[in-house]
Amino acid sequence: MNASMLLTGLVAVPWLGALLLGIGGSLPARAARALAVLASASTLVFGVLLLARFDPALPGLFVEQRVPWIRSLGIDYHLGLDGMGLLFVLLTGVLGPLALVTTLRRATRVRAAGAWFLLLQGSALGVFVALDFFPWFICWELSLVPAFFLIRGWGGANAGAASYRFVVFTLAGSAGLLLAFAALYAATGTMNFTDLARLRAAGELAGHLGALGAWATALAFLGVLVGLGVKAPLFPFHSWMPATYAEAPAGVSMFLTGVMSKMGVYGFFRLLWPIFPEELRAHAGPLLVMALGGVVFGALAALRSGNLRHMLAYSSLNHVSYCLLALFAVAGAGPADGVAVEAALAGALLQAFNHGLSAAALFFVAGILEQRSGGNSDFARFGGVRNAAPRFALLAGVALFSSLGLPGLNGFVGEFLIFRGVFALQPVVAAVATVALLVTAIFLLSFWQRVFHGPRAGAVAGEFADLDAAEWRVLGSLVFLMILLGVAPQLLAGLINPLATSWAASLTLP
Amino acid sequence: MSPLHVCLALSAALFCTGLVAVLVRGNAILVLLGVELMLNAANLNFIAFWRFGPGGGEVGLVFVLFSIAVAAAEAAVGMALVIAVHRHLRTIRVAAANRLKG
Amino acid sequence: MTLLLAVLALVCLVPAVAAVLVRNLIHSALLFVLAWLGLAVFYLAVGAEFIAFAHALVYVGGVSMVVLFAVLLTRPGRVDPLPPPSTQRAIGGVAAVALVASMLGSSIFWTRLPSMEPIPMVSLRRLGELLAGPYLVALLLVGLILTVALIGGLLLAAPRRPSEGGDA
Amino acid sequence: MLPASQLWLIPALPLVAAAIGAAAPRTARRLPVFLALAAITGSLLLSVVALVGALAAPAAKLTANFTWFVAGSTAVRLGWLLDPLGALMSVMVCAVSVLVFIFSIAYLRADPRLGRFFTCLSLFVAAMLGLLVANSLLLLLLCWELVGLASYLLIGFWFDRPSAAAAAKKAFVITRLGDLGFLLGLLWLFQATGSSLFYDGGAGVLEAGALERLAATVLPGGWTAATGIGLLLFAGAVGKSGQFPLHVWLPDAMEGPTPVSALIHAATMVAAGVFLVARVFPLMAADQGLAAVPVHALTAVAVVGSITALLGAVLAVAQTDMKRVLAYSTVSQLGYMMLAVGVGAWVAAVFHLITHACFKALLFLGSGSVIHAAHHEQDSRRLGGLAGRMRFTYVTFLLGTGALVGLPLVFSGFWSKEAILHAAELWPVSHLPFVAGLTGVVLTAFYMTRLVCETFLGRPRGEGAEHAHESPRVMTLPLAVLAVASVAAGWIGTPAWPWLQSRLTGAPVAAQAWSDGLGLMLFSTVLVGVGIAAGWWMYGRRPRVDARALDPLAQRWPRVFAALAARLWFDELYAATLGRLLRGAAALAAWLERWVWGGVVGLTGRVAETTGEVNRAIDEDGLNTGFDRASDGLRRTAQQYSRAQTGDVQGYLRAVVVGLAVLALLLIWGGVR
């Protein structure tokens, strides 16, 4: 199989699965479930096949497919992968099937849920491989539709309002994105990321945009920033997040926080930084403050919330903000200490991956607690879970400490590298951000103490089953990856080192 | 009064008759037949201008052939729709098929 | 020539108007057949033989059968919940038609049309060459449309299995 | 002879035991126990072999470095280090662990989660040993955090007791507070030197090149990078070793099973802070020669150590819980060690660390034996009269007490404490450490006498004590071994035969003359005597009769005693300051979330309407209300508009026709071309 087919197949197979599920009217639930899981797991297979083609010596795209699509508009069907894209594809490959299994396990209307989910997964993959704005934006927007229906149709009591809010916020952001790229297209005649980055690197982009008007560059930058910032989310564009994560079904929350929020982070690295490096540098100060605000504020808000889902949502804000903190610190520093820049960039990408794993695992834990207690995840309803379900407690504990950044688990490596880089570039910011580490420890351990320790109480006082085989497989595989990647981070770091090095060397994307 | 005038007048008259059927008659079958009549009027125009017009080649003639074919298809699908509607609503009054009203 | 055409036009128009006005549906359908026959004759007189035959075949032979079957299959049920069609609506419709008719008529009769000699007729062979040549794609598409219409008509009209009886 | 490249085996053995134990089914209770014992014995043997190898060449820093992973183009390297300090500590940790493990088998025999207990213990030992043989500050930090995790798990071993769960969290959070300093110090060091390896053939951070650079980097205010890094690293040590002001977690950590207190919160883990400071001593001392530095790193260490030594001893005086007395005593002794490092005598600190590990483990295990026998009664007021019932425990406890208070010449604690006091006396900067140390000596003697009298003398004053009888062999055997060690461990470092000192520094240390320091020895001996006499006079002369009787000290100075018994309100102080600050910040964050972020963005929407629905706005933030309103409006408009959709096809067509006609008329008559 040649490489370009791999790329197309990567995106197409989940969509095909969604289509089959959509039209396969008489498919029994078991078969539908199996088909959905197979289609979802194909991503991992494609990811591994692509991994075999990865060339560590090459900082740029190692697989690329580019054929003209709409000639009159200069739009190409342009897919490609570099180490960063592959990292996110692998993340999707790991989380997709697990989140799907979780979603379908107790879902009614299995066929519909599976079809929506596969559509979501394929769109996310499309975002990670597309290199032309046109297909990229189609996937970016398309991902909203299944997410909306999944939240609305299978979510909690207030899912209607939450899904609505989610879609409206994200769409508002996307509008900025679309306008910005319309401006870029009007100015340059192309919407291809690599072409735009090349123009920028050659110093011609500013001239093109300047022809549109004095404010064109700034407004385009702002549009892209807001569009990506809402998705990631960048503080303070996060207001949609707690309610959405709280109302979505557990499996969908896993995917939302594990993969969809990474679409925003990915966009920062793929779009914003290579195309607007100077604007980013000029505004790095306020942006850095915003990211730092997300770090500190997310941790404090999580400390305050008495509901597991809300806590995890704010904790996600906190963790994702570390990635952006690293990026903004690097962007603001300009050509500085190369080693620190490399560490910060590699750390940001590793953190994105690792947060995906641990946050997904914690949302899975939340889902189990809710399912066992009848659909509520307020701390006050629990107590002594560790007594009632020791195996569950063991795995949940590993996930918790991974999120807390315990060395030896995956969460530590990314955070350490980010702090390593940010400390060298912005020591004060790093020092303030460490406070969030402490607060994170406090709220996670408070949650643990309240829910897992102490005598059995509340919903746990009666029947409270330990993990069954399927749950054990999902949580166990996540925990296995956490330990593996914590001990041997080179497995992931090898993917992104060439990029980090070349970025640090040029401070722009190739 | 040239032959062309006669043709055009007949065409206009047929078109208006068809329009009356479409707009006034409540029966779905008659509505469809009215549409057919309007299509016929159009065909007649094509032929008239081919024959008596400023000379546009044979395009008009060929077009009429296609038009007849499409009209036949339309009639087939239309009648099938009428039958389907009748099965659901036990009537073929156009005014009865208003489920999508706001 | 003009006179012949005018007579034929009346032969054609009278059944058409009657068809639209009569209450009985069967009569109406039969009157339509008459009108189409008249139209075919008109085509013949104008000089489009092939079209005339095609028209007669399709309408008099095909469409009219379909219409008659549809009429027979859809005898109105005993209860008709809707109020009878109001005269107000009829007046509105007729007014709209009158508007169109006046427009068309005025534009036809006030336009000074060039009086030209009839152009030579087209042989059937030439027509076949045209269809197999420049219009081949269109011809194929028309065939496709007819096929789709056939299948679609069947699907729509075929009775559903009771198990799935949704509200489609 | 164990080469440095094989050092990883020492922590790996218990780690494997822990991994298997964690994966083993819950029903297999004995498997983790056997595995843990086998692994720790193996590690002990390997450590001894390593120690022999290290002593053969004490000054050579044998290292084995390797790349952990590569970030960008820079490798993050870790390594193992074989030197007498690490090897000696490993032997000590393994030896104490073996004894504590054996003791635990009997102590927790009835607990259904015995297997889990040993799994956690194995994890702890693995991490602790890794910490000791690490040649990289980063690897040390990794193990440091894992040690903290193990401590967390073991303090909260009886997690269904809310107090244990709370204590575990407190310990983890407060040590992590210190760890933030550690992390920042590490980052700074990384940035300044580009490495975290201690010794790396001249490129390590503890080698001359890096130290000179660090000392030469001057920050505003005269601080050097070396001072800053040293102080930050010391913050980590403060947290871990229970130094003032982060000492509050250690007494609470006594909620864990007593063997855990003995091993982790007395002998080994809490000493890791002292070990860290001793390990990076060259870095801490790098700024010593510079007069411009406002506060030398070591000075801060000495001051904190002095305060802690004194504070711990003072607080121990008023505790009634056996284990808490010992816990404050541990705080105090750790303060002595820090004090020693601060005045430059890191060798004396390590010496005291080792002797303290022996006798404090002995004391804790002894108290464990008492608690076990007295059916988990650990309030010394309700014990009493155990001297006759538990003779063996009593004797070994007395030996441990002798070592702790520093009875002269025989006991190990005497020698190590003398070494510290001697160094403090000669410290040129201040006399505070010396005075604090001497005061601490009196207080130590006093509170230990009080503890022994209350617990073992008089008559039983509670159910538990009445029915107590001697513990089984498995428990007394470790007591016996530790008792011997408590006495004998001091002989390796006497002034007459400074074996330890010469081995640790790698340079020969001349034996001191008897007369040198003799005065100090006599003086401190007198102080010990005063303390014991005071204790005996108050508590031993007329032993307590009733469990509810007021403490003699409380009768005399009720206010002072109440203050001490309340631990000088440190917990309350933190709750009122830091805790309130954090809670306030969190409340502020929640308030901002609800009103400001939503509100600022919401201004672009429909601010005016949010005020209308107060109740709703409290639950939802203003922004979402705006969106809901806007969409409602849209929906209503759409409903109005949809009335035009009558469903009357012919009606639509009429409209179309009229529209078309109008359009055509306009075109025809309007003159539009």
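Should a chain be cited, it is by its letter among A, B, C and D, assigned in written order, with residues numbered from 1 in that chain.
Criterion: contacts are C-beta pairs under 8 Å (C-beta built on N, C-alpha and C of every residue); 3 or more make two chains touch, one makes a residue touch a chain.
Nothing here was measured: the structure is a model prediction, and the numbers come from that model.
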For subunit B paired with subunit D, centre-to-centre distance based on mean C-alpha positions, whole Å: 91
Subunit A-subunit C separation of Cα centroids, rounded to whole Å: 61
Computed distance of Cα centres, subunit C from subunit B, in Å: 5
For subunit A paired with subunit B, centre-to-centre distance based on mean C-alpha positions, whole Å: 57
Overlap residues in subunit A, where contacts from two or more other chains coincide: none
Set of subunit D residues in contact with two or more other chains: 650, 654, 657
Per-residue multi-chain contacts in subunit B, two or more chains: 19, 23-24, 26, 95
Touch-based graph of the chains, sorted into line, ring, star, complete or other: other
Complete list of chain pairs which touch one another: A-D, B-C, B-D, C-D
Of all residues in subunit D, those that touch subunit C in their complex: 650-651, 654, 657-658, 660-661, 664-665, 668
In the complex, subunit B residues that touch subunit C: 1-10, 12-21, 23-27, 29-30, 32-34, 36-37, 40, 43-44, 47-48, 50-55, 58, 61-62, 64-66, 68-77, 79-84, 86-87, 90-93, 95-96
Complex contact set, residues of subunit A against subunit D: 161, 164-165, 168, 236-239, 243, 297, 300-301, 303-305, 337-343, 345-347, 384, 386-387, 390, 394, 401, 406-408, 412-413, 416-417, 419-420, 423-424, 427, 430-431, 434-435, 437-439, 441-442, 445-446, 448-449, 452-456, 488-490, 493-494, 497, 500-501, 504
Residue numbers on subunit D that touch subunit B, as the complex places them: 639, 641-650, 653-654, 657
Footprint of subunit D on subunit C - complex, ascending: 89, 92-93, 96-97, 99-100, 103, 107
